[in-house]
Every structure is written in C-alpha cells, then in structure tokens.
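Shared between the two complexes below is subunit A, which pairs with subunit B and subunit C, respectively.
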Partner chain A sequence: MQIIDAADLDYRAVNEALREAESDFIIEGCCGQRFIAAGISGKNLTINGIPGNALGAYLNNANITVNANAQDAVGDTMNEGKILIHGNIGDAAGYAMRGGKIYVQGSAGYRAGIHMKAYKEKIPVMIIGGCAGSFLGEYQAGGVIIVLGLHKDGRRIVGNFPCTGMHGGKMFLRGSCEDIHFPKQVTAKCAAADELEEIREYLSEYCLDFGYSMDELLSEPFTIITPDSKNPYKQMYVAN
Partner chain B sequence: MKIEGQVRIPSGCAISAVISKDGNKMSGEMIINSMKPMHDRSNGLGGGFAGYGIYPEYKDFYAFHMFFDSRDTRKECEAFLKERFEIIQSEIIPTRKIPEVTDEPIIWRYFAAPLKSVLASLQLEEKEFVAKTVMKINAEMPGVYVFSSGKNMGAFKAVGFPEDVGVFYKLEEYEGYSWTAHGRYPTNTPGWWGGAHPFTLLDYSVVHNGEISSYDANRRFIEMFGYKCTLRTDTEVITYIMDYLLRVQGLTLGEAASVIAAPFWSTIAAKTDLEDQKKHTYLRTMFPSLLITGPFSIVLGFEGGLMALNDRLKLRSMVVGEKDDKVFIASEEAAIRIIEPNAENIWSPAGGEPVIVKVKEGAF
Partner chain C sequence: MGIEFIYPEFEVIRNKSRCISCRVCERQCANEVHSCDEKLKIMKCDDSKCVNCQRCVSFCPTKALKIVKSDCTLRENANWPAQTVKEIYKQANSGGVLLSSMGNPKPLPVYWDKILINASQVTNPSIDPLREPMETRVFLGKKPSKVQRSKEGKLNCTLPPQLELSMPVMFSAMSYGSISYNAHKSLALAAAELGILYNTGEGGLHEDFYCYGENTVVQVASGRFGVHADYLQAGAAIEIKIGQGAKPGIGGHLPGEKIVGDISRTRMIPEGSDAISPAPHHDIYSIEDLRQLVFSLKEATEYKKPVIVKVAAVHNIAAIASGIARSGADIIAIDGFRGGTGAAPTRIRDHVGIPIELALAAVDQRLRDEGIRSNVSLVVGGSIRSAADVIKAIALGADACYVATAALLALGCHLCRTCQSGKCNWGIATQRPELVKRLNPAMGSERLIHLMTAWKHEIKEFMGGMGINSIEALRGNRLMLRGIGLTEKELEILGISHAGE
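So, the complex of A and B:
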C-alpha cells in the first residue's frame, strides 16, 4: 500500500500526489488540507489525521475512509463513491450531492444533506450515527438521509428547523421524534415495514462498516419524513 | 494600479484562540502555529493577534498600541495624550523586517494612566474616560489610530497573512494566559492596517469570521452612546456593542450573547423553562437594534477569559477542544490538532450558544 506523508504538504501538493498514486493508498499526517480527492474516480484511500474542508468534493467514484473527524462540506456535490467517517463531521455535509454514500459513525454539524438531490438511478444516501445539528435536510430535493441517534450525550436527535424547504427525497430518524417540530410542508409519521425495507440494504452495510447489529438499530421505530404534496410551497413570495 | 478597496479581490476568514484555565503562560508562537493549517482561509490582506497577561510589569497601566502615518502626527498625538495621561513608558513596538509584511505605519506603544485631576474635573470614571479618549483620537486625528487600549493585554495587527504578522511582531517574545488570532479575507471593505482584526476597546477584543448584514442598524444605535465607527469595517461595531452591553449596561456574558445572537421568536416561544423564556423576551425587547444578523463566528477576549459565539443560524464554522488546563477554539479542528494533537472533547457549539472560558480566580 502506498503512503503519502501529508505533514509538510499543502492541499495542492497532496492532491497532486494522490492523483499520481496507485489505486489503493493511505494519507498520513493530514492536517486541514482542503479538497482532498476532489473529482477523482477509481481509487481507495484511507486518511489518518484531520482532512480539511470539502473532502471528496465532486467525488466521481472512489472510496474514502477517514479515521478521525472530518471538517465542513464533506462530499460537496459528490456524484458517486463512498465516504466513511470514523468520527464526527462538520457543517453542510453532502451539500447538493447527487449520488454516492456518506456514512458517519458520529454526529453531524448544521445543515447536513442540504439540497441533496436524485436523478433516475442516482440516489445519494447519508447515514449519521449520532445526532444532527439544525437545518438537517434543508431544501432536500432527493436522496435518503438517515439519522440513528446512537449518541449518548442526551442531545436531541436533530436540532431546530429540520427539513426546512424540503421538497423531495426521504428522511428517516430513529425514534418517535415527538419532541421535534417539523414544517407544515412535510409529513412525519412512523415508518411502515415496507418503508423500512427500502433502507435495509443501507443499514446493513452501515452495520458491517461500523460493527453494529441490525437488531439493535431496528429495536426502535423510525420516523419517516417526506414532502407533503398536498401542501406544496405556494404563495411564499407572490400569488401564483 | 488600483489598491484593494477600489478593486474587489474575491477571497472566508480564520479565527483561533487558546486559554489556560490555570493562568499558565504561553508564548505567542503557539497561536501563530495554530493559524498555519488555515492559511487558505485568508488572502494576505490582514492578520492579527491579541494576547492577555503579556505586560505584567505594567499591569496597572493602559497599554495604548498606536499606528501613526508620520512623525508629526505622532508628536501631535503625544502632546494631546500628555495633557490627559501620565505616560510612564513610550516606545516603538519591536518588529522584524520581513518581505511578507511591508508598508508599515509608525507603530508605537504607550503605558499610561489617566491624570486624576482630569478625571475629577470631567467627573468621569477611569474606563469611560479612556474609551472616550480612544474614540476621540480615532475619529478626530487623521493618520492616528489606537488599535489597543487595555491593561495587561495588547493587540498586534497588520496587512499580511497571520503567520507572517506574528513573526513581524516577534510574538514569540511575549507570554500570555490567553491568545486570539485572526486571518482576514476581506470581502466588502478595504484591507488596511487599521482594518485587520482584532478590534479592541479597553480590555475587550474581537476576532470575527463572517459578515454582518445588520451593520448599519447596529452602528446607528451604538453611535448614540458616544461610540464612533471609524475603521471602515463591520467587526468594529461588535467590539463596541460588547463594551456597551458588558461594561456600560452590566449584562453578563451569557446575556450579551443572547442579545447579539438572539434566538428566533419561535424558538423563544417553544422554551419550556419559563424564566428563561421571560429573560430572552426581555433581552430581545430591550435591545432589538443590537441583534447581529448575518454570518459570524467570533471570539471575544477580555481580562481573565474568552467567549466564543456563532450567529444563531450558524453560518460559520467553529470548533472547541480541550487538553489539561487549556481550551482551544478555532474555525477548523486542524488548527487545534496542529498545536495539540491529543486535544479531547472536540465539539461544535450550536448557533447562538456561547462558550465562556475563564481563568481560575486569582490566577491571572
């Protein structure tokens, strides 16, 4: 396995090194270099240390494993591939992603999954193991966001204003979510068996990645949130 | 060639801070190193630092750090100061000549105490008098800027990248119990020496990443109370707001945070703690013009502590970490890890949730 020592490299040098690297490699000593693996395809990389903002932006098809926390804007506009984070992620993860997977063991900051979208066979999936900050799934247009609430610090599974402006896709929050206030334009209800079936494949992959059991994850009901097509966004600005 | 301000150089900002809760001294080198992984958040048009506990030998005197555009303005300003203060020490602030920092003004510092006779005749309390003097100089003396005016603390700022500004000011020679730092990426206002962060008044200093959309509403309100916004950028007004709320109005840090980053009315209405709900309603009603809207993450430095705060929508990043007696605050986790690889309890405060860290009583 090839090793890239990032300790004294700036983001440009790290990215040049990884473009020239073999298909499987490890970045050691990462500390804040931005745009790592932006737009790449066909590689498997592991990052030790803290990757900088916009990790895996425009990711085309590569597997990235981070053995620490990651900063802001992970998987910005990613197209395909998988980003696995053994820690927490910062704000605005998966901004406008249109394909691929972001699986996070820990918690997410504000605005995770903002403006996620989907097209035909492209269905992006984000799973957050702990809790998510405010504005989760803001302007969500497609794809699947799942939050498991496995954190143990007593915080609510999601902060304020989840699903603001949501108009497509699905969100699953583990638990009954009675204390969460959702906007009028979405419907939140207990997920039925066939709805859970849709995400079984993702959850089972997540369990394999992080060593959880499906039984444990499914021991609680899930709340599913979808846009309410009977109550669309209208007359917000002008009568139309 | 057009200078920055006439031409727009599209370019975030970076902030970082460290404090020892035991009051242990740290050289400025640590905070300079913290800024390095965030280099790309700045564009070289401003960098600065504030250190607390750095002047123990002059701790009872106000330390005025000043920029002058010429020897004449300095002489003129010194004459003005001597009528109002006993100056016990005046000197050039030591700097290094480095190619990364150029076109510096004359940079001077004075350790001074207000003359008792002047205070008595004006019937002003000492801090109020010093604040008024700073406002007068910055507003009325062309070519002179007071960029630091607290006791046992000081700001150091310049046009350049922060890590170079730290070298320029020889910060490794200073030792403080807390430090804040800023790397600037000016978006709407000129990159000039007075416009670099921190912005200070008395012992308050503010470093800010963001952009205040309520600036003019805030400025018009605060200028009613004798503050004058002269430094051609938005962050300045935050410093004066904090001075007004904390020193003049006597609010606690938490209350001041609830004024400038007030929760939405819907969030206040949903509070189950009725006392808390009443308090937030009161603060929003009393100080509506001091609500700061638009993105910000700030660190407020003050004697014996730091407060970090995000805007209520959390439109800027900020992480906090700890290790032993130290607490770290930065725009990015990398800035903490580079100086403390084993930092623990890394977390991101929610929007409007202040993080207040104080040095143990008597340790500074």
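So, the complex of A and C:
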C-alpha cells in the first residue's frame, strides 16, 4: 500500500501526489488540506488526520475512508463512489450530490444533503449516525437521506427547518420525531415495513462499515418524510 | 368573461382578398390562434391567444396577415398606464407572481445610445481595414503582472490558462431546457466555426455536444444541474453563475413540464420534477467561500481551465468585482439589468439591477485603482445589440462581450417575450419536438455566423476609423468615447468627457 505523507504538503501538492498514486493508498498526517480527491475516479484512499473543506468534491467513482472528523462541504456535487467518515462532519455535506454514498458515523452540521438529486437508478445515499443540524435536505430533489440519532445525548435528531423546499427523494429519521417541525409541503409519517425494506441494504452496509447491529438500528421506528409535490411552485405565477 | 376578462392585446388582421385558406397560419401557430371553418371554407382567429410572434405573418404565402396592437383601450391615465392596470387585473384574478420573459422592456436610459465614438482626422490617420491587417483576437484570463525569469535568465513563459477568441464576443449562457436542442446545436456549431465560445447555461451539457468542448463554457450554478467531473473537463472554461442581469438576487425555476426526456437526463433530475436553482449558492456566504468553489473547480480540472464568475450588475458592483478578482477567478462576467431570460418575475426583471454601461465603467476603474485589473478579464453582457455596443464596451474597459438576445434574434426570435409558455413557434424556447424541428441547426448556425462576421467587419471599420489596428489597444481607451446629453455625474461614472470637449 502506497503512503502519501501530507504533513508538509499543501492541497495542490496532495492532489498532484494523489493523481499519480496507485489505485490504493493512504494519506498520512492530513491536516486541513482542502479539495482532496476533487473530481477523481478509480481510486481507494484512506485518510489519517483531518481533511479540510470540500473533501471529494465532484467525486467520480472513488472510495474515501477518513479515520477522523471531516470539515465542510464533504462530497460536494459528488457523482459516484463512497465516502466513509469515522467521525463528525461540518456544514453543507453532499450539496447537490447526484450519486454515490456518504456514510458518517458521527453527526453533521448545517445543510447536509441540500439539493440532493437522483435520476432513474442512480440514487445518492447519505447516512448520518448521530444528529444533523438545521436545514437538513433543503431543496432535496432526489436521493435518500437517513439520520440515525445514535448517541444523541438528549439532542433533537435534526435542527430547525428540515426539508424546506423539498420536492423529491426521501428522508428517514430514526425515532418518532414528535419534537420536529416539518414544513407544510411534505408528509412525515411512521415508515411502513415495505418502506424500511427500501433502505435495508444501505443500513446493513452501514452496520458492516461501522460495527453496528441491524437489530439495534431497527429497535426504534423510523419516520419517513416525502414531498407532496414535484412542482412546489407551480401555482405561484401568472403569465404577463 | 365578465370581471376577469382582459381585452386581447393584439388583433390579427386578415386581408380576405388575399387569403387563400391554405391553412399555413393554422399549422404554424402553436398558440392555436388560427382555425378553419370547414363549412364556410374561411379562416377564423382567436385574438386572445396571439402573442405577436409574427410566425404566421412570416409564413403567409400571400402576405394576407398582419398583427396590430389593439386600439381597444382603457380610459387614458398617465398615472395608471393600461399595462399597470392589466397587471393588477391578472394578479387579482390569479393571486400569482407576474412572470415575464426576455429583457427589461421599460423605457429606461440606454447609455450606449448616449455615447459617441471617435474617428481620426488629418493627424493619427485612420487605417483602411480592407487593405491592412486588423487584429480582433482577444485572450481572456489572468495576465502576469510582471516578467519573470529563471535563475539562468530565461523568460518564464508559462501563463495561467487563457481563452482565445477570434473576436471579442461570446454567446452567453442559455440552458438546455430554457432553449431547445436545436438552438444549442446552432450556437455550438457557430461558435466552433467562428472561433469563439458559447455557454451551456446551468442545465448541463447534452452528450452530443461534448465534441464542441473547445468552444464551450460550462456553467455551474446554485442547482448544480448536470455538473460532474466529465462535464467540467469537457469545457474550455468553467463559469460559476452567481447572478443574472434579468433577475439579480433570485434563483430560477424550470417548471416540471419542461423536464422531459434528454433534459431530465442532462440535468440529472427525475422527469416532471421542477428544476429549482436556489437564489444563493448554499455554500457561498463570503469571498472566501467563493474562493473555495473556484479552487475546488480548479483542482478538479488540474488548473487547466480559466474560471469565470458571473454576477448581475447591482449597486455595489465595483466592490463586489474587487472581491471576485481576489477570489482566484480568472474572468469576471457582469450582466446588466437589460439582460434576457427564459422566465423571470416581471417586477424583479424591471426594477432590480443597474445598467451594464455604468457597472462596467465603475468596475474597470475600481480594478485599475486597486492595481488588480490584470488579475482578471472582464466580460460584459445585458443587451449588447450591435457592433457599436461592442466597441463602446471595449473602450469602457471590457475584454469581451456576452451576447444572447441578438443571437436568438438571428435564430428567428421575434421578441414576443413569451418564452415561459414553452410554445415558441420559432423552435427556440420550446421542448415540443414538432416546434424544435422548425429550427434547422445548419441554417441557424449559418445565420449566427453571418451576424458575427458582419459585426467583425463593423468592429474593424470602427477600429480603422480610430486609427487602432488591435482591439487590445482599444480596451479601456475612454478617450475614444464622448457622452451626449449626459449629466456631470453620469459622465463622471462613465469616465468620459462630453461631446465637444
């Protein structure tokens, strides 16, 4: 396994080394370098240390494992691949992601999964193990966002204004979510068995990745949130 | 009918002595204005559906048709023009936000028309462009501020990435979705032939057009539709769209009914789902955040492509541009308040933003004052209507101009301003297959090439007249401009003298 020592490299040098690296490698001593693996494809990398903003932006079918926290804009506009974070992540993770998976063991900041998309069988998936900040899934247009609320220490599973402007995709929040206020244009209800079945594959993969058991995850009911309309602003205009 | 009735804006006048009931008008009108009374063998029309796009007029073989503005008027009132009253009726009827298309039609000042261009007489003689070489090529991108040499004294010739244009004009952003496949193809073919660039807009790039990548600017907007690594690699430059002159400060909604087939696939959203571009980029709240997006795009494309940041011309545009110039962007595109759109709220289109002439002058001066003008190239748009406007823009400080409305006019647009309906009879702002095929890309691109070739000739004539043989020597050369009928303040902002001075 090739090792890139990032201790004395800036982000540009890290990415240059990464582009030239073998398909499987480890970045050691990562300390806030931004844009790691932006737009790359066909690689498997493990990051030790904390990567900076925009990790895996425009990621094009690569696998990234981070053995620590990550910062803002993880998987920005990601297309394919998988990002695994053994820690927490900052704001705006998975902005406009259109495919691939972001699995986070800990919690996420504001605006996770904002404007996620989907097209036919290409469905992006984001799973947040802990809690999510405000504006989760704002303008969500497709894909699946799952928040598990594990180790939430009495906090609400999601902050304020989740699903604002949501017009596609699905969101699953573990628990009954009675303390969460959802906007008018979405429907939140207890997920039925067939709806949970849709995410079973993702959850079991998540369990394997982080060492949880399915029984533990399924010990509580899930709330599923879906938009009422694909065209939330249809009636808003008159031709002039 | 009754209280909700608004008398049709236009009347279709048919010269019965010329009409041969051939029904061409009926077939050509997607708005279904014309119909044929089979029994009486005469053509009828429903004026209320007419948008005055002139399609039937253009195709009537006997010139039997004309469209006129209705003379059925409300009682005249200078404070309450008919348009204002009708807008109130529409809103009272529907509760809707007024939605319009194309650029601001209000009679606000057009500064281009109040600026005059210089010519040489006797001294510094003019140049005849028909006999002498004239350089209209421009290079857009960051320019080094000083000459650098290696230790051995060799010149460092590595430049930041540049765009080469054969003339200082590009086709500005119009998304696949707002305009048709054939309209995009016309623009792409023409740009490739002319040695300039067209711009995908925010709807992604159809796979058929990747082959025109060298002549393509790929856009990244707040909705990030169709943005992925291959798309970023495909273009010659990447444009981050922050704002648009027709609707500064607000986002865009392409309605679900236009998200069909290839459009859905290109944008990567399900068919029938609204394509919503939020007003802000949700990860940009500062120049530092903008810098992060600029550099994430540069990293993803290995610093091979210039990054353009496009903003609408608004009040503090000079300070905003200064920030953008420091964000790492290579090119700033500024869109004036008269810029077109496929759909924008009427009130926003007509009341928000400032004229591009003033914005350009203010930005160029500010960047010069701060010593960072060479950090970026400036591209301006928002109703550049002719070669004269291009010359004036260059002399005010632009490196190049963005044109879109003029390009659409070349493709057949008659400025009926109902793009939002999706029923464009000219095959431009529509996704209906039977309408799209009316625009032949080979003919469309030929007309665009004609237009730009003509502009290029005119640009050379202007340059020759001024005794300038390279367009680069005209950039920011405001001594070549004079104002006419402008106030002291306007002249001060434009940085030009009054005619006669």
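Basically, the second predicted complex is superposed on the first by the 228 of 240 C-alpha atoms of A that agree within 3 Å, B and C clash if a C-alpha of one lies under 4 Å from a C-alpha of the other, contacts with A are read in each partner's own complex, and residues count from 1 in each chain.
Please note the rule applied: a residue touches a chain if its C-beta (ideal position, glycine included) is under 8 Å from a C-beta of that chain, and two chains touch if they have at least 3 such contacts.
Given the structure is predicted, the values throughout are model-derived calculations rather than measurements.
When both complexes are overlaid on chain A, the residue A:His115 reaches subunit C alone and has no touch with subunit B. In the superposition on chain A, A:Gly32 makes contact with subunit B only, not with subunit C. Using the contact criterion defined above for the overlaid structures, shared-chain residue A:Ser134 touches subunit B, although it does not reach subunit C. Once the two structures are overlaid, the count of subunit A residues touched is higher for C than for its counterpart among subunit B and subunit C.
Residue contacts after overlaying the shared chain place A:Asn53 against subunit B and subunit C alike. Using the contact criterion defined above for the overlaid structures, shared-chain residue A:Asp72 touches subunit B and also reaches subunit C. Within the superposed three-chain model, A:Tyr11 lies in touch with subunit B and with subunit C [touch as defined at top].
Of the two partner chains, neither subunit B nor subunit C is touched by A:Thr223. In the superposition on chain A, A:Gln105 contacts neither subunit B nor subunit C. In the superposed model, A:Asn63 makes contact with neither subunit B nor subunit C.
In the superposition on chain A, the residues of subunit A contacting both subunit B and subunit C are 11, 34, 53, 72, 91.
For subunit A in complex with subunit B, the touching residues are 10-11, 31-34, 49-50, 52-53, 69, 71-72, 88, 90-91, 109-110, 133-135, 159-160, 181. Those residues of subunit A whose C-beta lies close enough to touch subunit C in the complex are 11-12, 15, 19, 34-35, 38-41, 53-54, 57-60, 72-73, 76-77, 79, 91-92, 95-96, 98, 111, 114-115, 117-120, 122, 138-139, 141-142, 165, 167-168, 230-240.
For subunit B in complex with subunit A, the residues that touch the partner chain are 37-40, 267, 270, 313-314, 317, 319, 332-335, 337-338, 346, 348, 350-351.
For subunit C in complex with subunit A, the touching residues are 87, 90-91, 93-100, 222-225, 227-230, 232-233, 253, 255-256, 264-265, 268-270, 272-276, 278, 282-283, 292, 295-296, 299-302, 345-346, 418, 420-421.
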